[in-house]
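This is the structure, below, for whatever I ask next.
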Amino acid sequence: MHMNRRHLLRQGGALALLVSCGVATLDEALAAEASGFDAKTLDDALASLGAKPADSKDITLTSPDIAENGAVVPLTISSAIPKTDTLYVLVEKNPFPLAASFSIPDGTEPFVAARVKMGESTRVYAVVKADGKLYSTFKETKVTLGGCGG
Amino acid sequence: MKRWILAAVAVMASHAALAESSSDAIAQYRAMLADGNPAELWEAKGQALWKEPRGPRHASLERCDLGQGPGVVKGAFVRLPRWFDDTRRVQDLESRLLTCMQDLQGFDAAAIAKTPFGKGEQSTIENLVAWVASESQGMAFDLPQSHAAEKKMYEVGRDAFFFRAGPYDFACASCHGQEGKRIRLQDLPDLTTRKGAGDAFGAWPAYRVSSGQLWSMQRRLNDCYRQQRFPYPGYVSDVTIALGVYLGVNARGVDSVAPGLKR
Amino acid sequence: MGDPMRIRAKSSDGTTDVRVLMAHPMETGFRKDSSGKTIPPHFIKDVKATANGKTVLTARWSQAISQNPYLQFKFKGAKPGDKVSITWVDNKGDTRTDEAAIA
Amino acid sequence: MSRTVDRTRTSLWLRSVAASAMTLAVALAGCESTPGAPGPGAATHAEATKIIDSSFSAHGQAGLDRLQQDALQKACSSPTPPSADTVKALEAAEAAKIVPPPDGRYLGDWRAGENLAQNGRGMTWSDKAEAPNGGNCYNCHQLSDKEISFGTLGPSLHHYGKGRGIEDPTSPQAMAIIRYTWGKLYDAKAGNACSIMPRFGAAHILTTKQMQDIMALLLDPNSPVNQ
């Protein structure tokens, strides 16, 4: 029963709406958030986060212009948006675009540095959740073929 | 005619600009990775393995003599390869670790030498070289050249460096004998110069982001020979040790940064 | 179980900067081995950091995080000598916890 | 370090020079009289050869025969180039190896050529012997300017055909460039004895068809190289 409802939630993708209508509890919404990791397109992954994020200049995303190897692409994300509580990393052209989410409790800076894999040259999106709203910025990284190719 | 030349110069200039900006971007990429080299994970294991009683004799490596006296690890890396009286050979770090693993711990050195990289006791050696190298970080290379055998190995190493063979006619020097060149986007150090040899010899062992593995100098040389389309160089064979002497002596005075971080 | 993490935690002006290296293959499940068989996914899914009994960061990861993951974050409210503890759990249920004193 | 070095080394070279290269050997003997640059001592050189021979084992398709240097490889295994006479003789011997495409067609498919140019595989001990070899072009050269990951060991080949005024590579006016390019690809050592570029045709690295495809990549006006 419970499983089925969770399954439904996964399929639905409109979590924010369900939560705000009282159909789903926040706990269930958070559990189902894992479904974002199953999304196969950027749009589906973004939808799983709840709403379409607004472009924001208050998010700083650093990543190299060119990555010598797609297996390791260093990123840093920081947010100047008040009440930032979650940072998401999405790699547009990966088979599963949602790469990571970081929950930032009070007292922790809205900043993380991590390293992600990229199958090909792609945009990386940094999405920030603050005060229940979503914001995003993106950056393009070119992945090159390194070495002798042999 | 003049216009044609001007056009050609313009084309060449734009190529140079593109090459430069790509190289800058790669430098930026490497700088972003400089902190948090996963080689540290190998160093930590290597340090523990050095002290751990292991092998048929259930002994640690704490009495292993890497050239600076039994148990002295600090500074050993920047003075290898060197001559050892007990084995009557010039040995590099990995060859010497094999000697210690055999003499102190009772392992079969020949069997380890035949083990593929990354497997079994070869992975032990990868951890050990990461740690031993890290203990000399920031120290200048200072390989001894006083023993006749050390001098000879330098000459042999130079000969091997320029030795062209195989279906592609490659020598080490084909790619590493000029300054400022690249394969794809990877800079090729000129290993005949102090700086080039220092940058290269002084960065291995290194964590390779492409494979997520730590590569020792032996593995680096092994893969160079693979790409040179040569047959398979034996692990710690004389040609690899001679090349180590040649590179290490060329790198004299350059500070070691190993373990490094590579593509 | 896995191999130990490397944790460096440094405090300055009331902010603790934490840098962690974890030993993990972070296998995607898309790669094939030399015999052509797909290598099953094996990756860290959850990470939790605590200091003085308080959670200072949680993370959920996919297989897109690089092999031998690196993580850096910063938090307030701890002082030198306090311990930072990091725990990861992977998709096979393996887990590892390490801690380090703040410098 | 002494001058006698080169003499000994030359005689060493001569010992294993194949009969087919006898004419070359005669030419090489000429460098006995030319002063050599400082290099490893004769004893060391013999030692080095012994050490190299004993350090390798056959693996996969890479057999020990690959350590047997031909006359050119020997002459070019030193930090200093061989004498002008030696270079001339070596280049002539390599030029004689160049075979034009048997069907008279120099140009194939530039798309296949681009794939070959990108492919850095072939003939290592980890490559399957029956798998086709790559062209390795981008390892050392810029070709299409769309590919930012290119090497600089060789000159840029971007606009290779266009820069040489090739509008119709099948026209008679284009023939001189076409033949020159084929020769360079087939055996780069014919024009530069100690060139670091492999002898793709003479060493049987690429097939005739593969070389035709790379020719098209360089010379076809529609190829990305000429955009």
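Think of it as A, B, C and D in the order they're written, each chain with its own count starting at 1.
What we mean here is this: a contact is a pair of C-beta atoms (placed from the backbone, for glycine too) under 8 Å apart; a residue touches a chain by one contact, two chains touch by 3 or more.
This structure is a prediction, so every number in the text was calculated from the model and none was measured.
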Report task. Report back the single chain whose CA centre is most distant from the CA centre of chain B. Result -> A
Report task. Using mean Cα positions, find the chain sitting nearest the overall protein centre. Result -> B
Report task. Mind checking the centre-to-centre distance between chain C and chain D? Centres are C-alpha means, answer in whole Å. Result -> 50
**Report entry** Whole-Å gap between the CA centroids of chain B and chain C
**Finding:** 30
**Report entry** Centre-to-centre distance between chain C and chain A (centres being mean Cα positions), rounded to whole Å
**Finding:** 18
Report summary line: Residues of chain C that touch two or more other chains sit at 66-67, 70, 72
Query raised in the report: What parts of chain B, by residue number, touch at least two of the other chains?
Result: 22, 183-185, 209, 212, 227
Requested in this report: Identify all positions of chain D at which a residue touches two or more other chains, and write them in rising order.
Outcome: 124, 138-139, 148-149
Report task. Would you please name all pairs of chains that touch? Result -> A-B, A-C, A-D, B-C, B-D
**Report entry** Sites on chain D touched by chain B in the complex
**Finding:** 39-41, 44-45, 47-49, 51-52, 54-59, 62-64, 66-69, 72-73, 76-79, 123-126, 138-140, 142, 145, 148-153, 156, 158-159, 163, 189, 196, 198-199, 203-205
Query - Residue ranges of chain D in contact with chain A within the complex - result: 118-122, 124, 127, 134, 136, 138-139, 148-149
Requested in this report: Using the touch definition up top, name the residues of chain B that touch chain A in the complex.
Outcome: 22, 25-26, 28-30, 32-33, 183-186, 209-210, 212, 227, 263
Requested in this report: Please name which positions on chain A make contact with chain D in the complex.
Outcome: 66, 142, 144-150
Query raised in the report: Can you list the chain A residues touching chain C in their complex?
Result: 33-34, 37, 71-74, 76, 91, 94-96, 98-105, 107-109, 111-117
